Structures are given as structure tokens and as C-alpha cells.
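Pasting a structure below so you can have a look.
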Amino acid sequence: MIDKRVASFKEAVADIPDGASVMIGGFGSSGIPLKLIESLRQHGAKGLTIISNNAGVAEEGIASLLRDGLVSKIVCSFPRSAGSKWFEKRFEEGSIELELVPQGTLSERIRIAGAGIGGFLTPTGYGTRLAEGKETKIIDGKGYVLELPLPADFALVRAECGDPWGNLIYNTAGRNFNPMMASAARVTIVEVNSIVEVGGLNPEHVVTPGIFVDRLVAEEVHHAQA
Amino acid sequence: MLRLSPEQMAERVAQDIPDGAYVNLGIGMPTKVSNYVSGDKQVIYHSENGILAVGPAPAPGEENPNLINAGKQYVTLLPGGCYFDNAESFAIMRGGHLDIAVLGAFQVSARGDLANWATNNDKYPPAVGGAMDLAVGARKLFVVMRHTTRDEEPKILEECTYPLTGTGVVRRIFTDLAVIDVTPDGLRVVELFGENTFEEVQALTGARLLPPA
Amino acid sequence: MIDKRVASFKEAVADIPDGASVMIGGFGSSGIPLKLIESLRQHGAKGLTIISNNAGVAEEGIASLLRDGLVSKIVCSFPRSAGSKWFEKRFEEGSIELELVPQGTLSERIRIAGAGIGGFLTPTGYGTRLAEGKETKIIDGKGYVLELPLPADFALVRAECGDPWGNLIYNTAGRNFNPMMASAARVTIVEVNSIVEVGGLNPEHVVTPGIFVDRLVAEEVHHAQA
Amino acid sequence: MLRLSPEQMAERVAQDIPDGAYVNLGIGMPTKVSNYVSGDKQVIYHSENGILAVGPAPAPGEENPNLINAGKQYVTLLPGGCYFDNAESFAIMRGGHLDIAVLGAFQVSARGDLANWATNNDKYPPAVGGAMDLAVGARKLFVVMRHTTRDEEPKILEECTYPLTGTGVVRRIFTDLAVIDVTPDGLRVVELFGENTFEEVQALTGARLLPPA
């Protein structure tokens, strides 16, 4: 039987090695897999490349990975926010590399990595500093930048509810980067509030098809067959 | 000279938002615009993180931590709204589906170049978010900003000196002194607030202005 | 008040001019806006470019447009099916132009037209006849074909249910090309079984956000506020 | 020589579909494969039009005209299945998420080139569908076909003479005579059906074969 549930957050991230690239879903405070991130922090893999829209605030989430010195590079659209002190500290001391990507380019680069597409031409950023060094193309008088896929070794995804096959639904704007990231990593690990039995999600409402998901973990796995 | 308050500037922008428009209000001052859109207009607000028909702030205690806008403030959803992922949200932005986007700016050039994401201080950690996508994608891009810096330096310039967000993207500039359109002929003043004169506004502008038509 | 409902199928397509490009949703017999197509046929605009996965069978749908000589070009992945006699006849007599596009390239070209993307690199078709004359690129030893956006003047879309703002849900595999087409045309016209009031669709379940839709028509519009 | 029936060929392919696999069965003969997958394996079938976990044909009178597979046959959905649009469906195919795709073929070359969408008759209207996307995208591409044409002409060739679907994409060929792998060394026979000999199969093949290892 196909069953992607794992017993604990700790087990879910146990094989993430030093130097791995890890996508982390979320936008601001919304749709972040906080328990998976905390497990990753405790696991202690170093030299990570983190791909995420933001870089965490206060002592929580990605900020805790930056604080503990586990991150060597971050690919991000909006790393600086009110309270992003650990990102700012690591950036200013030069201990992390930042690849700044416009937000729509970030989500599309992740999407195409999952979709087997080799690149896309976007007008976003054309003629700006963020296009420097990139291939450009003029089509019908409009300038475009060639952007390449952005895959990862692991994705940490936050959803509202899943089933043992990995089908997922989300909560309001908590969707954000999570569906694209689920499709773009070699191993996709999902944190959910609850797990229902196979067939418990309406097939019209599923946002992430289970084929993209490798591991699923909820707070209380023993309630899974409820 | 008459200098509008941020609230008055937002109110002036709101007058130019038509009934039925799909609108994205950038973070900061532009978010005030929705407070002044007349109640007899139906305007649908888009939030880049993946919401259409963003509603007002929730009552205290009713916040859903997942339901925030691009400025990370708690919001609600209006009836008729919906959610989607970030790739779809930026398809809406980049694909020309929004009627109007309203952004703040550090500088705007005579050709409508926009600079609003970085200064020339490379030590300050940068952030770009969705600004570049909105700049190229919205059907009309409105900028709302003070006419000058706090040091009275002009922010409307022949050429931006800060890193660009997009080139030739701004349609209309709402400042605390005037409303100015970016036209093929150049920057044309379309409205002067209070008793402000064209010459006074020109004197605080780093690019040549055209008088009201 | 935003209200995209129109009173009849006839009115919905009345401004489609001769020479227009028209996307038509559907896959096989599934998710086809048959009433809109029939109205378009009766409207009689000529010299149409039709963009659709299939070219119709028997006397129905796109086949009826081909039979009546209204189509000058068709962009299609699988025009020939059991019963596609009108397509075969028009093709063999040379009265229509065929642009054959691999199915995934067709849906992605439509998607990027709606998403403001200027092109994408796909491995699909590389080294085959369908890549002839197209720009190609080798990245990390893998060959890609540059494919360009495919927009249209009008899209005829079939959904299950909508609201007056144009939010849509679909029926099972009737989704197929409809959501991408809804996003990629200058004017998107939708045929639904039923229309519910604004707020009548669960915002988590909406597949096509209303922003993509211009006109909505159901069999019985007078029941719309039920 | 022993020539398997189409049903026997489908049964042989089914043996190579592992438990838990995500599989796309092309139109025509490959669709028979699911009839022979052992009941103790859980296999999830993908249909290119936008379905995961395709189930068996509905009972008469229970058909939903929207719920069809890529071959335009009425199907059902299994519990745990879901629907998505065509762009997402092809993201699944092109993006390497399917473990196995099974396609029919006109010809396969010694390097694993596949020709299955067109002949050299340009007057016959062509159709390609999802074949090219499956060919490049599935992790493993299985071909199931008769070893020769009805005129006993070989279909496994040094070079395909028909227009290609994809280059170097086929992993394993299941014919009515044998199972043959496409390897970096060339085409290797991995199984001969019944009493069929390597030499007999080689004689009906238009490319050099390697004997079973």
C-alpha cells in the first residue's frame, strides 16, 4: 500500500545532508513548515542553500537556521523584513551568499524545475541590475531575460491537510510557494495539520497531487486513520 | 506651497481608480488608497501572495495567521474572492490582467523608469519582492510618492540614479504637489494642488515638465 | 456591481469578427463549450483560426465549423480521431492550414500567453520534425526547443459552475485546457451549467479566478440568483 | 516461432510494473497492460488529460461524459485520485514524475529513438497528442509493439525511417518475440519467449542485437 506518512518530524528530515539545497514554503508568517524547520535545525545539517521567499524574522523558522550558522546561501525575493535581524547580521558580516530573485521569477523558476522546462523568458527585471550577466532576448520590440529552472534536493512544504498518498489542500493564502516547491524537489516533505484516509479529500479540491509528495508528517500521526 | 499629507495623496489616487477595476496596492503608502475609494465603486484588490478580493482587517481575535496580504498584515477575504498559488498570482500580475498597480518610489525618470527597490548603499541588504513583476505587468502603473526627498532633493529626474525596478513602466505620478503623466512627449503636469504653480513644481523637479494641456 | 453574465449564447459571441483567433476548450468529448461553438457557427464569422486540442468529430463542435467552411487555420495537438471526417476532408483538400503542436507544448504555450512570459525551452520535440525551423538551445548537454506564447482574441471555455464575477469550477477531467485558455485570450467567454451568487463558491475550490473571465452564460440565466 | 498475442504482450509488460509505481499507458495496446497488473500491486495510473488514479470503466449508464481517459474512453476515479488541468498534467509528464510510460511504436532505433506519431505519407493528416512529452519526460519509457510489420518488415532498425517522436528515449522494448533493452552498448535481448532463438529474433530485426548477458 502506498503510504507516505512518517512517524515524526525528526525522522522526516533525518537524511538531509550537509550542503543540501532546501526549498522552504511560506510567505511572511503564512504557510511556513515551522516544525520541519525546527527539526532541520536540531538535525544540524550545515552549509545549506535555502530557497524561500523570505529569510525569517525574530528567532523563528529560517531565522533560526541563519542564527545557528547552518546556511551558506539563500535564494530569496524579500529577505529583509521588519525583524529579519539574523539575515541582516549574516549578510552584513558576509557569511552568507544572497541570490536575489524577483518574486514572480522565483515562483516560476521553481515551477519550471518541477515541469521539466529548461528556461523561460520574462520581461521582469529586463534593463535592471538583477538581469546583469543573464542572457536577454528582444521579441517584437520587448525585452526579456532568460531565467533557468531552480530545483532543490529537498522541499519543506506546509499544507493544511493531506492523505497517505500525499494529496494536499492548503489554508487560504498559506498556499503561496508550497505547491510549486512540492513539485520541484528530489524529496518533498510535507507538514500538515491533519491527515485523512485515502479518498477523504474531494478530488476536485486537491491542490497538490500526491505524485509530487514523498513524505507527510502531522503532529499526531496516530489519529491518521480517524 | 500646498503639500498633501500621505492620506490626502492616497485620497487623490483613489479618485483615479474606476469602478470594477482589478487593483494591486503595493506595500507602504499605496495600501492607504483603498481607505478612500468611494463606496459606490466596486474594486477588487489583488495581493501578490495569492489572493483576489482582499477584504478589510479582521476583528481582533479573528485573525487567521495564514491570511495576510503582501505587507504581512492580517486581512480577510470578500465574498467572490479566491486563493491561488504564487505562480498563478504572478501570472495575473505579469500577464497584464491587473488594471492598475499603485507603487511607492524612490525615483521616477522622465521616460517612466521606476526605482523603488534599492538605493546605492550596497551594504544595506536588498529586497525586491514583487515590485519588478508589477512594474512590467500591470496595465497602468501609478506611482505615489512625495515630490522630493526630506532634504528637498527632487525624486523626479531625467535619469534615475538608483537601481531600476523597470524601464518605461510608470504611467502617472501622484505627488504631494501635483499629478504628472508620463507621455510620449515627456512629463506632463495634469493637476496642480491648491495654489501650487507650474513654476514652483518645476523648480522642485529634476526633469523638464510640460504644462497642463 | 461587477456582473459578467450575459443573457444568451448568441449575445456572448456576437462580436467575434471574421479572421479572429478563437481558443476552444475541451479534450475529446470532455469539457467542450458546445453551445458557444454552435452560436459561433450560427453567427457565421469566417476565416477563423481555431486553437484546440482536437478538431471535432462527426457533425458536432469544431467539426461543424470546419464543415461550414468557417475555419482557415487550426492549431492542434490531435486533430485526427475516429470520426474527424470534416477535419480530414478540409486538410486533404488543402483548404485549412494545420499547425501541429505537441500537447504539453500547446497547453504551456497557452499558459505563458496568459502569464506574460515571452517563451519557454522544452525538451519536447527536440530532434523531431516538429522542431524544424525553431530556435534550439543545448543546456547541460540536453536539447531544448524555444516555444513562443500562443494567445488568442477570444476563448470559448466550458466550466461546471461560475459566479457573476467569473470564478469557475470544473467537472472532473472537463478541466483540461479550459483554465489556461481562460487566461490567454483578450476576451474570455464561458459556458457553464449553472451560476451561483457571488460568494456561492468556496474560495479554496475556485480553479479559475474571475479576473480571467469576461462573459459568462448558462442555459437558464434567470435562475442565476437562486 | 512463438508470437505472443497482444494480450500476452500486455501481460508481459505488466510484470515489469512495480508496486507503487506512477504509470501512464498510452492509447491503444498499452491500455491493456492494466488488465494484467497483479492485484497485490498498487499502481497509480495517470491520464494526460488531467487525472491521477484512473479507475476502471464505469458501469453502463454511470458514465460521466467529462470523465474520459486519453483514449477518449469513459473511466472512473479511484479513491485517492485527483484532477488537474492540462498544463499541470504535462508538468507531471515532462517533469520526470512518472515512473513508467508505456507507448506503442511504429519503429525504434538502436539508440532508442522512437517513431510512433507519423508515417512518411504526408497526405494523411497527422496527430501527435502527448506522445512527444511522454517520450522525453517519463523516467522509464517502455515500448510495446509487434516485432515486425504485417509484411514482416522489421520495426527495430539502426535508424528510424519514420519521423521521430523523441531521440534516445526508449528504455525497454516488449515485442511479441522478445524483450529487448536499449543500453549504452546497444540493443540487448533480455528475454526470448517460448523456444524463440536469438538468431531467429535477430533475423527479424533491422539492427544488431546483443545476446542475453
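We just call them A, B, C and D in the order they show up, numbering each chain from 1.
Rule of thumb we're sticking to: contacts are C-beta pairs under 8 Å (C-beta built on N, C-alpha and C of every residue); 3 or more make two chains touch, one makes a residue touch a chain.
Just so it is clear, the structure is predicted and the values come from calculations on it, not from any experiment.
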item: More contacts between chains, A-D or C-D; value: C-D
item: Centre distance in Å when chain C and chain D are each reduced to the mean of their C-alpha atoms; value: 29
item: Chain A and chain C, separation of their C-alpha mean positions in angstrom; value: 33
item: Chain centre separation (chain A, chain D; CA means) in Å; value: 34
item: Whole-Å gap between the CA centroids of chain B and chain D; value: 54
item: Touching two or more other chains - residues of chain A; value: 108, 111, 115-117, 122-123, 170, 172, 203-204
item: Multi-chain contact sites of chain B, meaning residues that touch two or more partners; value: 77, 83-84, 90, 93-94, 136-137
item: Chain pairs in mutual contact under the definition given at the outset; value: A-B, A-C, A-D, B-C, C-D
item: Complex contact set, residues of chain C against chain D; value: 27-31, 53, 77-81, 87-88, 91-92, 98, 100-105, 107-108, 110-111, 122-130, 170-180, 207
item: Chain A contact footprint on chain B (complex, rising order); value: 47-51, 64-68, 72, 77, 83-87, 89-90, 93-94, 118, 123, 125-133, 136-137, 163-167
item: Of chain B, residues touching chain C in the complex; value: 20, 22, 42, 44, 46, 52-53, 77, 79-84, 88, 90-98, 136-137
item: Chain A-facing residues of chain C, complex; value: 108, 112, 115-123, 137, 139, 142, 144, 148, 169-170, 172, 203-205
item: Residues of chain C touching chain B in the complex; value: 1-2, 111, 113-117, 163-165, 167, 183, 198-199, 201, 203-204, 206, 209-212
